[in-house]
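Going in written order, the chains are labelled A, B and C, and every chain counts its residues from 1.
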Amino acid sequence: MKKFTSVHDAGEVQPLVRHAIEIKNGSGAPNIGKGKTLGLFFMNPSLRTRLSTQKAAYNLGMDVISMNLNQDGWKIEFDHGTIMDGDSQEHIKDAVKVMSSYCDVIGVRTFASLENKEKDYNEEILNAFVQYSEAPVISLESATRHPLQSLADLVTIEELKISKPKVVVSWAPHPKSLPQAVPNSFLEWISHTDAEVVLTHPEGYGLSPTFTEGISITHNQKEAFKDADVIYVKSWSSFEKYGENNGEFRDWVINEEKMRLTNEAHFMHCLPIRRNVIATDGVIDESMIYTQAKNREYAAQAVLEKIVKGL
Amino acid sequence: MKKFTSVHDAGEVQPLVRHAIEIKNGSGAPNIGKGKTLGLFFMNPSLRTRLSTQKAAYNLGMDVISMNLNQDGWKIEFDHGTIMDGDSQEHIKDAVKVMSSYCDVIGVRTFASLENKEKDYNEEILNAFVQYSEAPVISLESATRHPLQSLADLVTIEELKISKPKVVVSWAPHPKSLPQAVPNSFLEWISHTDAEVVLTHPEGYGLSPTFTEGISITHNQKEAFKDADVIYVKSWSSFEKYGENNGEFRDWVINEEKMRLTNEAHFMHCLPIRRNVIATDGVIDESMIYTQAKNREYAAQAVLEKIVKGL
Amino acid sequence: MKKFTSVHDAGEVQPLVRHAIEIKNGSGAPNIGKGKTLGLFFMNPSLRTRLSTQKAAYNLGMDVISMNLNQDGWKIEFDHGTIMDGDSQEHIKDAVKVMSSYCDVIGVRTFASLENKEKDYNEEILNAFVQYSEAPVISLESATRHPLQSLADLVTIEELKISKPKVVVSWAPHPKSLPQAVPNSFLEWISHTDAEVVLTHPEGYGLSPTFTEGISITHNQKEAFKDADVIYVKSWSSFEKYGENNGEFRDWVINEEKMRLTNEAHFMHCLPIRRNVIATDGVIDESMIYTQAKNREYAAQAVLEKIVKGL
C-alpha cells in the first residue's frame, strides 16, 4: 500500500477488515515498525484520530512525531506561481517534501472549507501531500473522505455477524454546518460489503452523486428505519447549496421511539456527538459508539502494518 | 493502585515515600512499562508536571501520548442531560471513555474555577475522569489537590532525615487569586508523617476545614516560624470568600530576616514562584525548590510503577 | 561536547562534517541514546528544526519531550532582581534548572527581538539556558546564530565535492524584517572550510562586523555572482539600523538570468522560502533546498551523538 486516502487505495476490503479484527484479537506484528517514524500533521482539532493513530503506531514499535501545522509551524501557501508577499510563509510543496523526508510514513488531517466546493472536492490539500510527499501518505480525514473511520465502521459491523444487514445512513440535525466526509466515505466503503444500504435525509441535504450512485434514497426517515439492523447517523451540510445548514429539521433527532421501528438496530456514530441534538442520551448510551472508537486503533494498525510492510 | 487522586488512594504513605527514594537511588524497574501507553491530558498550562511525568513514564519504558485538551481537541460539555446546542462539541463522558480506551493509564490536569466552590470541591471534572475512564487515572493536579506534588514534598522532607520536624505551612502574597490545591494536599499528606505541623495565614485566608482539622493555626507568621525546620510556602485565595485575593498582606513575603527566626529551616515551594513577591531572591536561592522539583520525577515513577504492576 | 551554540563549540569542523556524511551513509550509532531523554523547548514556530532534531534523536534511540514554552507552560521572566508582580510567572533561572533536571540533553529555540540589538547580540535567553541548565544545551537557532543549519549547509557543500568553491552569500528581498542569525552563522562556519566567500547585499544591509571580518563584500550582486559555485541566499534586516527592512530592493530577487552569470552554481536556502520574492520558482525547483533540509537530520544526529558520548 503506497497511500491510504480512500477505499480505492485499500486493495480488497474484506481481508483488510478481517485483519483489523485479527489484530484486535491479539495477532499484531509488534516490532514491524521498529526504527520507523510516523509523522502526524494536523490542520484542525482531532482527538480520536490523534490518539488512535499514535497508539496504533506504538503497537507496531514505531516512533511518532506529532505536529499542529498551523500552530507549531509556518503559515502555508497552497497556490502555485504566487508571489508569496502576503501572510503565507512556506509553500505546501516545500513543506511536504521536507516534512516527509524525515518520516517513513506520514498522516495528514485536512478539512473541508465548506465554501469552495470545487477546491474541497478536488482534495487540493490532501492531493498536494500525496503529490509531494516522499513517504506514503495516510489520510487522517480529508475534505471529502474519512477512510480510517470507515474502515473502523466496517470492522464494527463485521463484528455484529449479521448476514446481509440492512444499514440505514441517516442525516441528523446540528447547529453548525459540517463536512460530508464521513457519510461520503462510509457509503463508499459499505458498498464493498453484502449490506443493503438505505440513505435518508431531508430534502436539500443530498450528498454528491459520486458517492450515492446506486444507493436507495428516501426523505422519509421513519420509513427508512423499518427493519434496519444498523442506524448509521451523521449530520452534514448541503452538497447542492454547498455548506448550508440552517439548523432546521430538529425532528430528525434519533430517539428511542424511532429506534423501536427498527429490527433492534445498533446505533452508530463516529464521534464527537452532540447529545440530545443528534440523538437522545437514551439512544447513545445503548449504542456502538465506544466500540467504533476503539476499533479506530485496529483500523489504523492494519493500515500502518500494510504500509510498513511495503516500505 | 487503581487510581491516584489523593493520599487516600496511596495505600500506606511511608512505604511509597521510601520507594520513591529507592528509585532515585537507582533501583527502578526500567522495563515494567514496556508496551504500555500513558496518556497525559492537560486542561491548563503545566511545565514540571508535564515533563516529570513523561520522564517517569520513559524511565519505565512506557510510550506517552500528550494532549492539550482544549487546544488540540474539542470543546467539552460537563453537564448531564444538556441539549448540546451551544459551543461544546463533545460530552466529557464520551471523551473520557474514548481517550482512556487507547491508553493503559491516563493522567489528567484539571483546575479550580475559583468561582464555584461547590463544583470545585466536588471535583466534578476529575471525578468524571475517574468515573468514565476505562484505565487507571492519575491526578496531575485537580481543583482541590495536587497529590504528585505532595508525594514529592514528602520525599524531599524525608531526605532531610530530621526526626519529628516542625513544618510550617505559610501563606504568601501574590498579585493573582490562586487555587488551594497545593496547601490542601500537602496538609493531607504531611499528617501521615511524624511532623509537627503549624499553619499560618492572614485572617480571611483560611483553608477548608476538611484539610485543617486537628492542625494548629495562627495568624502570627513570625510566631509560627520559631524553631521551624521546614517552611513550606504557597499563596492561595480565600476559601471562605471563595477565590478572593485582594493583593494585600505584602509583608507576608518570606525574607532572610524571617528565616533567621527558624531553626535554620529549609524553604520549600512547589514552583512556579514569583521572586521577590512570594519570597526574596536570597531565600529562594538557598532553598529546596530544585530538589522538590526533581523529586516530582521519582514520585511520578513510584506511582506509575505501582499502577502498572496492578494492570 | 558540553554545549552546541556556535562553531566555537564544535571542535574541529571538518571531522564533524565528515561524520554527518558517514551517518547519512548508514554508519550511525543506533542505540547510543537508549534510556536518554532529549528535551526540546520552543519559543517560536519551527518545522524543520522540530522534525529533524526529533528524528535524529529517535535514530539514536533517545526519548524526546517537546514543548512550546510560551503556550504549554508559564510566562517567563528574564530579568534579575525583578519584583515579579506583573505578567511573568516563572523566572528563567528556575524554569531552566527544573526543565533540564528531567532531561539528559536539552535543545532550545529562541529568537531575535530585532528591537534591542544589545539584548539580541548578548544572546540573553540562550546564555541563560547555558548558564542554568544542568544538561548540555543545543541551540535550535538563537538570536544571532543557527549552528545546526550551518552544519547541515557545510555537509551539503561538502557533498558537492568542489575544490575551493566560490560561495556567494546574497541578501534577498522579503516583506518582513528577519533576523541575521542564518547569514551570521553560515559565515562563521564556512570560514572553517577552503571556500572563497563573497558577501553581497544592498547598502544599509550590512551584517555585524564580528561575522564579516576578513570577508569580501560588494553591493554589486551581479558582479558577485560571476564564477560562483554556490549561491547561498537569505533575507535579513539591517544590523546598523537594527531590525529595519523597508521592503525595497525587490530587484535583488534571485532569478534564472542571474544564475546564468555563475559557474552553474548550486542555489541554497535554509527554508522556509517565499517563492517569487526571494527567488523565482524556476531557480528554487532546480536547487539544493531539499538536500539541505534533509541534511539537518544528519547534522543534528552528529551533534547529539557527540554530546551523548560525553555524558
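General observations
By our rule, a residue touches a chain if its C-beta (ideal position, glycine included) is under 8 Å from a C-beta of that chain, and two chains touch if they have at least 3 such contacts.
Keep in mind it's a predicted model, so treat the numbers as computed, not measured.
Although chain B and chain C carry the same sequence, what matters here is overlap: shared residue numbers make up under half of all numbers found at their interface. Its C-alpha atoms fitted onto chain C, chain A is found rotated by 120°, rounded in steps of 5.
Averaged C-alpha coordinates give centres for chain B and chain C that are 39 Å from one another.
The multi-chain contact residues of chain B, meaning those touching 2 or more other chains, are 71.
Those residues of chain A that touch chain C in the complex are listed here as 35, 37, 39, 63, 65, 67, 71-74, 77, 80-86, 89-91, 94-95, 97-99, 101-103. Contact residues of chain C toward chain A in the complex are 30, 42, 45-48, 50-52, 54-55, 58, 68, 71, 175, 271-277, 281, 284, 289-290, 293-294, 297.
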